Amino acid sequence: MLLSTVIFLPLLGVVAIALLRGMGASAIKGIAMGVAVLTFLISLGLYTGFDATTTEMQFAESRAWIPQLGTRYDIGIDGISLWLVLLTTFLTPVCILAAWNSVEKGLSGFMMSLLALETGMLGVFCAMDLFLFFVFWESMLIPMYFLIGIWGGERRVYATIKFVLYTMAGSALMLVGILALYFQNGDNGFALLPLYERVGGFTHANLLFMAFFIAFAIKVPLFPFHTWLPDAHVEAPTVGSVILAGVLLKMGTYGIVRFCLPLFPEAAATYTPLIVTLAVVGIIYGALVAMVQPDLKKLVAYSSVSHLGFVVLGLFTQHHAGIQGGVLQMINHGLSTGALFLLVGMIYERRHSRMIVDFGGVAKSMPIFATVFMITTLSSIGLPGLNGFVGEFMILLGSFHSGAFSKVYVVLAATGVILAAVYMLWMFQRVMFGTPDKTNAALPDLNARELAVLLPVMLFIVWIGVYPKPFLNRMEKSVGVVVTKVRQEAAPAMGHTDFLDNLDDIERPTATDVQHQKEAERK
Amino acid sequence: MGLEYYLMLSALLFTTGVVGVLVRRNAIIIFMCIELMLNAANLAFVAISRSLGQTEGQVFVFFVMTVAAAEVAIGLAIIVSVFKHRQTINVDEVNSLKG
Amino acid sequence: MSRTLVIVLLISPLFGFLINGLFGKFLKGNEKLSGGIGALAVLVSFICAIVAFAGVQGGAVLEGESGVLYEWIAGEGFTFNIGFHVDALTTVMLLVITGVGFLIHVYSIGYMHGDAGYTRYFAYLNLFVFAMLVLVLGNNYLMMFVGWEGVGLCSYLLIGFWYEKQSATDAGKKAFIVNRIGDFGFLLGMFTLFAAFGSLDFAAIFGAAEANDFQQVFGGITLVIATLLLFVGAVGKSAQIPLYVWLPDAMEGPTPVSALIHAATMVTAGVYMIARSAVLYELAHTGEVVAWIGVLTAFFAATIAITQNDIKRILAYSTVSQLGYMFVGVGVGAYASGIFHLMTHAFFKGLMFLAAGSVMHAMANELDMRKMGGLKAKMPITHWTFFIGAFAMAGPFLSGFWSKDEILHSAWGSNPAIYVIGLITAFLTAFYMFRLIFVTFYGQSRVESDVAAHLHESPPVMWVPLAILAIPSAIIGLLLGWGGHDSAFHHFTDNVFKAAKEIGSGGHGEASGSMVLFMIISGIVGLVGIGAAWMRYSKRTPSAQPGTALHKLVANKYYIDEIYTAVFVQPIKNVSHYLLWRIVDTGIIDGIVNGVAGAIRIVGGTLRRLQTGVVQAYIVSMVVGIVIFLAYYLFML
Amino acid sequence: MNPEQVLFFVFGLIALAGAISVISFRHPIYSALALIITFFAQAGLFVLLGAHFVAAAQVIVYAGAIMVLFLFVIMLLNLGRRDPGSAAGRGKWKGIAVILGILFAAEGIYIAVNALSDNTAVASAQPAAESVTTYDIGTLLFSKYLLPFEVTSLILLAALIGVIVLVKRERPRTISRIRISITRD
C-alpha cells in the first residue's frame, strides 16, 4: 500500500484543492505544499524499506483492474525506478515552493496540474503492467499541456502543440508495440514481468524494439527528435521547465532501460551502432548549438540534449558501469538542470529577460545567486566532487570498457566534456561577470524562500558527488539484471570491427620483450 | 408465425425510418423516423426473445423505451431552442457544423 | 604515518574554505580574521606534512588498504576508492604545497588588503590547497583526476577573481577550457588503464604492469597509448606545447595566485603525474616524447620571454620554460632530478612572483617594466630577493642550478640533441631573467612622477615571506643536491623510483662524462647569459616598438593565440551558429516537423470542404457505409 | 392461415402503411398521427408475440407520452401547416435515399431469411409457448439487471436536467419570439 499511497496522494491533493478552491491563495498553496511534502516524506519510506540485495520488484501490489481486457493494477519498484520516484517526489515540493509567488492567474489550476502531473509521473515509474504504464504515460501529458499552454510564454500554443504532437506520435507507435506484446503474452495479459521471463524472444522483435524506442527517443529527446524541447522549455513557466527537464525526459530513458533493453536485447544489440551514433551526435551537436544560443533557457535546453545523449550512450553499453552511470546520470541531470532552470527562472522574475546580452556583472549585485549558479554550472559540466562527474565518468568508463561499440564513439563523446565547459562557462561569464549596468546592479539577491528552494538541490548535488554509494548500492542488483539479459542474448549479435581494436595485429615488442632483449645484449 | 417474418417486418420498418431521415427536412419528422427505427429494433428484440424463450429481450425493450423517452425529451428541447434562435427547424438551414 | 594525520592534513584547508566560503558574510570587514583562518588552515597542513615527511624517511609508505578512507564509486566489476598513498614523492609535494602555500597565504594577507573580495579570495585559495592535496595524496588515478580538475577549477576562479575585468574572466575561461582539453586526454588515459588493468589504483597498476599481467586492449601498444593520453593531460595542466597558451594569460589573477598556482604547485602537477607513473612510462618507452615536448617548450617559451615587457608575463613564460625542463627530467628517466627541479623551482619562482607582486604593490599595479627602472634604491628587500630568485634560476651555485644541471646531465646521457637545446635555453633563461632585473631595478628611473611619489618598500607581512622563501631558493640546491645523482634528495626518493629505475636501466644509458664538467659548462653558460643581459640592458631601455620581422613575430608570441582563434574558435562558433543551429536545427529538422504539420493542414483544408454542415449529407454517407459493410459481411465473407 | 397469421399480416401491413405515411405526409401533425397508428399496430404485434407488458408499455409510453410530446411541440412551434423545407429540397436526396433504402431493406430481409437459419442457437431454440408475464420481467429487472435499471433512472434525471437547462436560458426572449412567430402567421 505504501507505493499506491505515494502515487495517489498528490491526486488527493488535487481533489482537495478542487473542493476548497474558494479559500484563497495561501490556503491553496498550503494544501499543495503540504501534500507534496507529505508525499516526499512517505516516499522516504521506500528508500529506508528498500532491500538492495534482491532483484525482485519491491513494494509490489497486484490487483485486477479490467479483467475483460487482461489489464491489471500491477505496481512495484526496483533499484532503477526507486531513484526516479524519489526524484519526482523531491522535485515537486521544490517546484511548488519555487512557484510560490510567480503564478498570477489560475493558482488553483496551476497547483492541481502540478500535483496531477506528479501522480502521472510516479505512475509511469511504478507501473508493471503495460496498459497501466501507457495510461500513466498519456495521462501525464494533460497537466503538462495545461502548464505550458496556460501559464507559458508568448508562443506557448505553438510549443504546446509541438510538444503534445511529438509525444503522441511516439505514443501511437508504442501503443502498437504494447498491443503486439499483449498478443504474444498468452494468458498474462499486459503484465510486464512474465514478458521478462519469456524465453526465445518475440516475433518481429526488431520492429517492436523500434516502436518502443522511437517513443522513448522522442521523450528523451534523442537527436534528431529534439526540436520540441527548446520550444517547450522556452515557453514553459519555470516550474514546467524544471519538471520537464527533471523528470519528464527521464521517462524516455527509463522506458529504454525498462522495456527496450530487457525485452529485446538482440534487437538492442542490432541497433546499438545506430543508436550510439545518434547519442554521440546528440552530445556534440547539443553542446555546439547550446554554445551559440542567445537565450538562457534555450541554452540549458540544448545542454539537456547533450546530457541525455550521455545517458543513452551509457544505457547501450551492455556494461555495469555504463548502465549504472546512465541511471545515475538521469538523477544528476534532473537535479542540476532542474536547478539551472530554477535559477534562470529566479533571475527572469527580477530582470524579465532571458537574453544573455541583457545581463553582465550579476555576480556583483547577487553574490549568493552567483555562488549557487556556479555550483550548478560546475555540476552540469561534470566537475569531480559534484554529482555530474560520477555519472559521466561511469558512462564513459563503461562505454570504453564494454566493447559493445567502437572506442571511437567514446573519444567523440568525451569531447562533450570539453564542449560543456565551453558553453557553460562562456554563458556564466557573460551573465555573471563584468561590470553591471544600472538595471543589473539593482537586482536584489536571493531571498530566504528562494534559498530554501535551492539548498536541498545543492545538498544532493554535493552528496552524490562525494558519496554516491547509497545511490549506486541500491541500483546495482537491478542494473545487474538488465546487464545479464543484454549480455547473454546479445552476444551473438555483436562482433563489429574496429580499427582501434585491430591494433592487435600490429607487431610490437612488448615491454618485457625489450627487457629480455637488453638482458641478452648485456650478457 | 416464423421468426423470419417478424424480422423482415422489422427490417422494412427500420428501412422506412432510414429513408425518412434521408428525405425529410423537418427536424421533428426526422425525429419521428428515429423513433420508428427504435421501434423496429424493439420488434426484433421481442421476436427473438420469444424465439429463444428468454425474457431478456423484453427487458432490453424496456431499457430502449427509457432511453427513447429521455432522448425525445432532450431532442425536442434542442429543437425548441434551435427554433428560438433561428426561427426554423429546417435541417438544411441549420449548418453551423460546416467545416 | 597514520591515516588520521593524513586526514587532518587534507581536511584542514577544506575547513578553512568552508568557514571563509559559507560564513564569509559574517567575517566581512574583518580581514585579519579571514586571512588568519586561511593561513592557519594551511599552517596546520604544513605541520602535518612535516610529521609525514619525518615518517617516510627510509622508504616507509602509507598506501593500499591502510590508506583507504571509503569506497567512492563502486559496482559490479569496478571499485574506486578514496584512499591515500603517502611516500617520499608525496611528502616532497606536500611540503612544497603547504610550505610555499602557507607563505603565500601570509603574503596575501598584506597584498589583498582592502580588496572587496577578501574572504572570497582566501576561500578559493584554501580550496585550491585542498584540491592540490587531493591530487598528490590519492592512491589512484581517479583521485588524482579529482584533484586535477579541482585545482583547474580554483585556477579558473582565481584567475577570474577580479570578475569585473573582461580580460581576467576571459583568461580564466581560457585556462579552464584549455585544461579541459588536457583533462579529456587524461580521462581517456584512465579509461585505457582501467580497460587494461581493471583498476586505477597505483599499486595494482604498477604491479601488474611490471609483471606484464594485463589486458592488451590496444594490442602491444596499450601502455604507449595510455601514457601518451595521460601526457596530454599533463601538457594541458603544465602548459606545454601546444596547450601552453593559457598560462601567460593566467597572469590576470592576483599575483600571489600566480605565485602559488601558476608557478609553484598546480602547473607542476603534470610533472608529478609522470613521476608517479614512472613505471608505465619506462615500460612504454614514451619518456622520449615527454622529453622532446619538454625541451621544445622550454626553448620556445624562452624565446618569447626575451621579447616581453610585462614582468608577470616574462615570469609566466619562464615558468612554461622551466616546466619544460622538468618534463625533460622525467622524460629522460631522471625522475628524482625532475622532482628536485620542481621543488627548487617552486621556491625561486614563487619568490620571484611574490617579489613582482611587491613591485606591483608599490607601483600601483603597473606591470610594464619600461615604466620602471632604478627600483633598487627604493625597494632593497624586494630587489635582493628577486635577485636571489633570478640567480637561482639562471646562474650557478644557487638552488635551481643544481637541479637543472642534473636534468641536463641526464639528458646528455639520453639524447645529446636534447642536451644542446636545453643548454641554449639555459643561456636564454639567464639572458631574459637578467634583462628583467636590469631593466626593472637598475638604470635610470622611468617611473611616472605621481607613482614615484609613493614608491615604497612593502609592509613586513609581505616582505617577511619573501625573505623566508629566499633562504631555500638560495641554499636548498646545495644542501640536497650536492653529489648529483648520489645526493640526499636522490637517496630520499630512491625507493619511489626504484622499480622504474630497474626497468629503465640501460634504456637511457647511464649518464656518461663527469658531472663536474657539466656543471662548469652550465655555470659558464649562465654567467655568459647574465653578462649579455648586462651589456645590453643595464643602461638601455628595451625599445617600445619591435624592430625586425623576427622580433615582431616573437614579440607577438608567434601569433599562436591568433592562429588558434582563427583555426578552432571562430570556425566552431560559426559552424555551430549558422550550420548547426540555423540550418540543421531550425531549417531541416524543424522544417520537416513543421512541413509535416503544414501538409496535414493542407490535406485537412481540402477535406474540410466535405463537411457541408448538412446533417443529412453525413447520414447519407453513413448509410452508404453501413450498406457496403453489410454487403461485404453478408456476401463476401 | 390460422388467426395468428392473419393478425400478423393485418398488424404488419398497418404498421408498414403507417410508417410510410409518416415519411410521406407533408404535414407534421399527420405524420405524428400516422406514427401513433404504427405504434398501436406494433403493440398488437407484441401481443401476438406474447409480450403483454411491452405491448402495454408501448401504448402508454410511446403512443401516449412520447407522441403527445411531439404533438405538443409541433403545436407550440406552430409548425402545423407544412413542412418548411419540403418544397425546396425534398428531391435532393430522394433518388439516392430510395436506392439506399431498397438495398438496405434487401440486406435486412436477407439476414432475416438466411443468416439466422445458419445460427444454430436461434434456429434450434424452442419458441416459448407461453407469454412472458410482467412478474418475470419485474423479477429480472430487480435482480439481474438491478444496476442497469437504477442507471436508467440516472439517465432520466440527466435528461430532465438537460431539458431544463436547454430551455431555461433566455426565457423572456423565448416567449416574446414565439409570440412573434405566432402573430406573424
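Each chain carries a letter (A, B, C and D) given by its place in the written order, and its residues are counted from 1.
Please note the rule applied: contacts are C-beta pairs under 8 Å (C-beta built on N, C-alpha and C of every residue); 3 or more make two chains touch, one makes a residue touch a chain.
What you see is a predicted model; the values in this text were computed from it and never measured.
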Chain whose Cα centroid lies at the greatest distance from that of subunit D
C
Any idea whether C-D or A-C has more C-beta pairs in contact?
A-C
Could you tell me the distance, in whole angstrom, between the mean C-alpha positions of subunit C and subunit D?
93
Cα centre of subunit A to Cα centre of subunit B, whole Å, reads 55
Taking each chain's centre as the mean of its CA atoms, how far is subunit A from subunit C in angstrom?
35
When the C-alpha atoms of subunit B and subunit D are each averaged to a single point, how far apart are the two points in Å?
6
Using the touch definition from the top, which residues of subunit C touch two or more other chains?
616, 620, 623
Subunit D: which residues touch two or more other chains?
93, 96-97, 100, 104, 107, 111
Contacting chain pairs - touch in the sense defined above
A-C, B-C, B-D, C-D
Complex contact set, residues of subunit C against subunit A:
70-78, 142, 145-146, 149-150, 153, 156, 160, 163-164, 166, 169-170, 172-173, 176-177, 180-181, 183-184, 187-188, 190-192, 194-195, 209, 212, 216-221, 223, 283-285, 503, 506-507, 572-573, 575-577, 580-581, 584-585, 589-590, 593, 597
Touching residues on subunit A, where the partner in the complex is subunit C
162, 165-166, 224, 226-228, 285, 288-289, 291-293, 320-321, 324, 361, 363-364, 378, 383-385, 389-390, 393-394, 396-397, 400-401, 410-411, 414-415, 417-418, 421-422, 425-426, 429, 432-435, 467-469, 472, 476, 479-480, 483, 500-501, 503-512, 514-515, 518, 522
The answer for subunit B against subunit C in the complex is residues 18, 21-22, 25, 91-92, 94-99
So in the complex, the part of subunit D that touches subunit C is made up of which residues?
93, 96-97, 100, 103-104, 107, 110-111, 115
Interfacial residue positions of subunit D with respect to subunit B in the complex:
4-5, 8, 12, 15-16, 19-20, 22-23, 28, 31-32, 35, 38-39, 42, 45-46, 48-51, 53-54, 57-58, 61-62, 65-66, 69-70, 73-74, 76-77, 79, 83-86, 88-90, 93-94, 96-98, 100-101, 104-105, 107-109, 111-113, 116-117, 121-122, 125-128, 132, 136-137, 140-141, 145, 148, 152, 155-156, 158-160, 162-163, 166-167, 169-170, 173-174, 177-178, 181
